Amino acid sequence: MKTVNFVRMTLPAKSVNEAYARVAAAALASQVDPTIEQMADIKTAVSEAVTNAIVHAYRGQEGGLVYITMRLMEDGSFIVSVRDRGCGIGDVRQAREPCFTTAPSEERSGMGFSIMEAFMDKLQVRSAPGRGTTVTMTKRLGR
Amino acid sequence: MNLKLLEEENVLHAVITGEIDHHNAVVLREKVDRQIAAMRPAGLVIDLSGVTFMDSSGLGFVMGRYRSMAGIGGQVTVKGATGRVETILQMSGAYRYVKLLDE
Amino acid sequence: MKTVNFVRMTLPAKSVNEAYARVAAAALASQVDPTIEQMADIKTAVSEAVTNAIVHAYRGQEGGLVYITMRLMEDGSFIVSVRDRGCGIGDVRQAREPCFTTAPSEERSGMGFSIMEAFMDKLQVRSAPGRGTTVTMTKRLGR
Amino acid sequence: MNLKLLEEENVLHAVITGEIDHHNAVVLREKVDRQIAAMRPAGLVIDLSGVTFMDSSGLGFVMGRYRSMAGIGGQVTVKGATGRVETILQMSGAYRYVKLLDE
């Protein structure tokens, strides 16, 4: 599948950049004229993935970086991957279960992965404890 | 994100506008909990009608306030949720804990 | 000087990304509450620098990449650098003169560098023929 | 970016709204020149009042149309430029070639 356009970016794991990542994703997706609903889905899913890198992967530590790659494909699909070099996830299957969270005291609901899964067409989570996590999501755009 | 806190009889109204993400939710939590502690209202109404974006951090905020209010024997009501905001509240099962105000 | 926040990004040298780069720059600058005029200045200057990479550095060739680094500094200034690995500039002093252009047939006005200089507080151009060009601009933000 | 072309007597009006950068200027150039060739107007009025962003590519577009019109003995008038758009036209000296319509 040919990549029509892409953006690769690195930004610090700061909560103020959750909004930045949403804007950056929406700006690329807007190049193929998605519906308002598709835009909302992408913004929500990207927000979840980036928030997880900030909250869980680096646990609020200074200096962590979030790597985002977004691609627009020839068939009109949008592929975004959010990568961190944080603590990683031991049991990905359990992490993806609705309401499972390791940070209830920070008022995490455990619904992040469920929302990514519901709002995007495809969700892939690859993680290695101590090495980091990569979340890749695909959304078909167009009317 | 903007928060307006209004007291009406013994009910606290939290009117939120703009975007709710983890960055903002931390601020919301702090401000609303401080007011709950000071006022000890019988009910908290969270008005989401002006919210243009919300992810699961907003859900965490709503459920967190459910717990704050449960601690003082009060109830939480959510109103004005539409679109993706409503979808997220529905799919999480939040309405088993907080009341939905239909207008 | 301490960096408060930054974004590093790579994107293909396609003209559709001129608008993308403006949005990306404005989104970072907006974190320190600039005036509308300061936002317009940054968008214009970034647009000029990215357009030059697309039009001049790679001469419309497929496959070229544009590297943008943007930083918000502790003193409220915004520093953006736009880098390409294109043809480079032989005589930077001449290139920076108002109305000098090597692409009049493409309706370039030769005012790009003059606008960057007028709209930003500082402009630095480093270039090596055959290796590429880096344009670095600083804008003090705040009211 | 959006372009509306209107003919009024022997004058062509190009009403541009939105953003003018190099990406859009290429499209504008093509469309306006095609109409100039077909209509051969005595004058071209470029209305920039709805332009929200313009960089030097817009300047190149204006000067390019000055040349297109000069080739058929016609004039170019620019109207509605404000803010940074006006600054760019002023600092480039474009008004030595094209007329500015004050309203």
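Residue numbering begins at 1 within each chain, and the chains themselves are lettered A, B, C and D in the order written.
Here, contacts are C-beta pairs under 8 Å (C-beta built on N, C-alpha and C of every residue); 3 or more make two chains touch, one makes a residue touch a chain.
Since the model is a prediction, treat every value here as computed from it, not as a measurement.
K.L.:
Minus chain C, work out the clusters of chains still connected through touching contacts.
P.N.:
A, B | D
K.L.:
For chain A versus chain B, what separation do you get between their C-alpha means, in angstrom?
P.N.:
Chain centroid spacing, chain A to chain B, equals 25 Å.
K.L.:
Give, as an integer number of Å, the spacing between the C-alpha centres of chain D and chain B.
P.N.:
Spacing between the chain centres: roughly 52 Å.
K.L.:
Taking each chain's centre as the mean of its CA atoms, how far is chain B from chain C in angstrom?
P.N.:
43
K.L.:
For chain A and chain C, what's the span in angstrom between their mean Cα positions?
P.N.:
28
K.L.:
Using the touch definition from the top, which residues of chain C touch two or more other chains?
P.N.:
In chain C, the residues touching two or more other chains are 16, 19.
K.L.:
Chain pairs in touch?
P.N.:
A-B, A-C, C-D
K.L.:
Please output the residues of chain B touching chain A within their complex, sorted ascending.
P.N.:
For chain B paired with chain A, touching residues are 19, 21-23, 25-26, 29, 53-57, 59-61, 63-64, 83-84, 87-88, 91-92.
K.L.:
Can you list the chain C residues touching chain D in their complex?
P.N.:
15-16, 18-19, 22, 37, 40-41, 43-44, 47-48, 51, 54-55, 98-99, 106-109, 111-112, 114-115, 118-119
K.L.:
Touching chain C in the complex: which residues of chain A?
P.N.:
Going by the criterion above, the answer is residues 5-12, 14, 16-17, 19-20, 23-24, 27-28, 31.
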